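Listed next: structures, encoded as structure tokens.
The same chain A turns up in both complexes below, where it pairs with chain B and then with chain C.
Up next, the complex of A and B:
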């Protein structure tokens, strides 16, 4: 079916999310909590757009709004811009020093809000991507706890999480870089837990945590990641190099 | 289905139709609703029972003493009623038991001191109908609450209960049932007011199975006890409504979600489900038909947000009680992704009446677009607090001043808050507003589930807004940015205003955050959360400005901004304020003007409340 986004006629499938259609058409809608690999969380609300259907205007979150009729969409109407600015201001009040939010403020021409208390500020905007990714991976080591203004992302009872495999997917998916992961002298620290990092026998660089390697081996039965005889694991780069070596010897 | 008590019913009907006072068929209804329970009504019921046994009254119809659900006028509890004579006694204590048995039950004599005194005529009135609290009421959802013993299914059946179900499964097709509900114009009583018939029709149109019906009994608004009273006072009406709904949409399983704080409701519903199962109203092949349906209770964990339909369903599924976007409606994909009809307690309780009397009859009551009645819990600074059911379209003034009896302590009405914490505050100039879904929304408030809190002139509207926003800050699920961060910042600003740190630009900022929340929040909680703020700014802007510009709280509530003074021209030196002052800040000789020592004064406001001459002023 055909829909119109910011004046551009776009082809969309029934049930397809508005954000997906817009991105395919090269129309920029800002998001923080969206990731193509995960189900829509619709928590940051930055992707709000105005939809006009049979003359009715409504504000929807484009990341989870399925196209079901021939609609006209405005991604940056006056109203949307006003509300998006308020959302960014609220995020900036929560995470005043954050770089990602700082860039958004710049993009929308906003000053740092000075009306609010600085206490309890945090880089985490509680979008929930980390918990969602952790669940998708199958570890489920972190989740949101409490509710309302005291809500946070945490391991059960803030203890070192038994289920955490130290993969740091949470940190890499976090849009605001709020999750701290520290790799040094052969260990990784994340979520109050210290992991041993397996070192690539060829180049000596840390590859993955032992728990992650074990987890992957269990998950990918019959197609284990490459272990060396001494229980070490090669990094991607050296793995390729060693495969190339094997080819060279086999065919030379 | 034959009913073991039919002979009994016929006998009772015969008695009633005679209309004479017959000692042998009297029943004493003792209110055991939450308010009266707290005032020891079960002990009164017990004492009445043993006194009657002792007195050896000739009793033929049992139970002579009935412990009922809430009879309504909580303010005057414990209440008892004697039927069929229709004598209502208020504020009954254990000391009155002997007189009630000896005088009223034995010799048909009325005890004047236990009667209600009419505010209009100043004379005692005998019956419930004559009490102005009850006169304008029309009971549909509450038809049996306070009349029957909620623990006895037979009592419900004696009052016509399960008749609608019998008619439905034996004589009506699901389409006809839906059409009847549609014709009634019934709209969801949980707050949003979605047409129930349309909801059912949509759900029935999906063919995937299984389907579910759900009852929302997670009543969480402060000061609200409508649904609780129905669940505790007439559980079978809810169950019967749900069975009919399930039959109409094609569901075989249902859930009643009750907040865990409602221990009595959980217990009453649990017993009722068991009894309904024993009688074949629940379970396989209901009333000999091919239709099967069963119900279970799910106990909520105490999160206000779980009253939101999608959060409630997540909670039933065992997930964190957080809402989801509703672009795909629950009637298509609800509980476990299956078609689901969710209605609240009061909506379900209306269903049997609609099926018995017909949709056309139902829509005779109320207004064209808001048909039927609505149950309210009338609380706050009103004389008659309690549970009321009135036709839609009744004026707020009638509700507060006629039924509610006006403002306590002769003070002045200031505002009424409808629709729970995310409703709005309606000022005096809108008192002639009809109470229906659309008028309340237009005024910036909402029907909500039926909490109605009356406020007098000793209420600071900024403080009220601060209170509700603080409540919501604790109860927001925290999933989406506008609600979580918006409420947090609103609370911060309101606290600043109440404590004298308000800024000129704050009102615009509050309205701006409010607009974004109303449009961009994920669920109904966040969308309606700015209502108390936006309506108080809309109707009481002056009061906000006094806080911000003059650093003054005109109602004398916000302590940092309040100074009390005694008006020398009005003070007659009676000394009441001096007696009630907890910090001995008031001095003065008898019959001489009193003064307040501002150093010692903690701005509690006791003196304002105790002064009979209104001489204590807020500067």
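Up next, the complex of A and C:
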């Protein structure tokens, strides 16, 4: 079916999410809690757009709004911009020192709010993307804990998580870089737990944690990560290099 | 799922009772909350081992259960008393000195809202409007409402509940008359 986004006629499948269609058409809608590999969370609210259907206007979160009719969409109408500015200010009140939020404020011409001073300001905007990623990977080591003003992302009982494999997907997917992961001298520290990092036998660089390698071996039978169990695992780069070498000898 | 470190401290009773509760439910995630409610009713709180058992039973990560158990106010991670005293702190009760009732309960039971007496007889909660503003300030013990409560009346009311006063030495903090 055909929909119109910011004046551009776009082809969309029924049930496809509005954000997906817009991105495909190269139309920018800002997001924080969205990742293409995961279902939409609609928690950061930045992806709001104005939908006009049969003359009715409504504001929807485009990451979870499935296209079901021939609609017209405005991603940056006056109303949307005003609402989005408020949302950014609210995020800024939670994470005033954060770089990502700072950039958004700049982009939207906003001043740092001086109300709602937080004593222990954090970088976390509680979007839950990390927990979603952790669950998708299959570890499910972290989740949102408590609610309201005491809500946070944590491991059960704030213990070193038994289910954590130290893959640090949570840290790398976090839109505001709020999750601390420390790699040094062959170990990784994350979620109050220390992991041993396995090194690449060819280049000597740390690749994955032992737990992650074991987990992957269990999940993907056939051991595609070349983990020998002796504490070494070949990194992507060296794996490619050795494959290239094999090709060279085979075809020369 | 991985068994957590709490494993070695598991109380055999709690494991057995939790096990019986879980058996009554199909292995489906949607029953998690119902299980937790039953466990709360049974133990007056959600023991760690119960959460671990639910996680094992439903093959879910412990974090899911923990997230749910910490989200709902009706579920408590710390043991609640046999009798739960709710002090209404809605607007009407607040301006009619609900805080004084909390203070008086502290002198009587030596616990603050959110805490439980050492003997496990009482716990106190500050709650929002109970909808009985005409008889403010209100307290509710278990299911019974008490209106126009004064600090002087509190002692009388509390005395009706259990052996708290008689066995004050065990409770470790109940004031003698």
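The definition used in the following text is that the second predicted complex is superposed on the first by the 236 of 252 C-alpha atoms of A that agree within 3 Å, B and C clash if a C-alpha of one lies under 4 Å from a C-alpha of the other, contacts with A are read in each partner's own complex, and residues count from 1 in each chain.
The working rule: contacts are C-beta pairs under 8 Å (C-beta built on N, C-alpha and C of every residue); 3 or more make two chains touch, one makes a residue touch a chain.
Every value quoted in this text rests on a predicted model; they were computed, and no experiment measured them.
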First (chain B), second (chain C), both or neither touched by A:117: first
Partner chain(s) touched by A:91 [first = chain B, second = chain C, both, neither]: first
First, second, both or neither for A:147, with chain B first and chain C second: both
Which superposed partner A:186 touches (first chain B, second chain C, both, neither): neither
Partner contacting more residues of chain A (chain B vs chain C): B
Which superposed partner A:128 touches (first chain B, second chain C, both, neither): first
Touching partner for A:156 - first (chain B), second (chain C), both, neither: second
Which superposed partner A:59 touches (first chain B, second chain C, both, neither): first
Contacts on chain A seen with chain B and repeated with chain C across the two complexes: 143-144, 146-147
Chain A-facing residues of chain B, complex: 303, 305, 320, 324-325, 327-328, 472-482, 484-489, 491-493, 503, 505-506, 509, 512-513, 515-516, 519-522
Residue ranges of chain A in contact with chain B within the complex: 40-46, 48, 59-61, 64-66, 79, 82-83, 86-87, 90-91, 93-94, 115-117, 125-126, 128, 143-144, 146-151
Chain A-touching residues of chain C, taken from the complex the two chains share: 1-6, 48, 51, 60-67, 70-71
Chain C-facing residues of chain A, complex: 131, 134-135, 139-147, 155-157, 159, 161-163
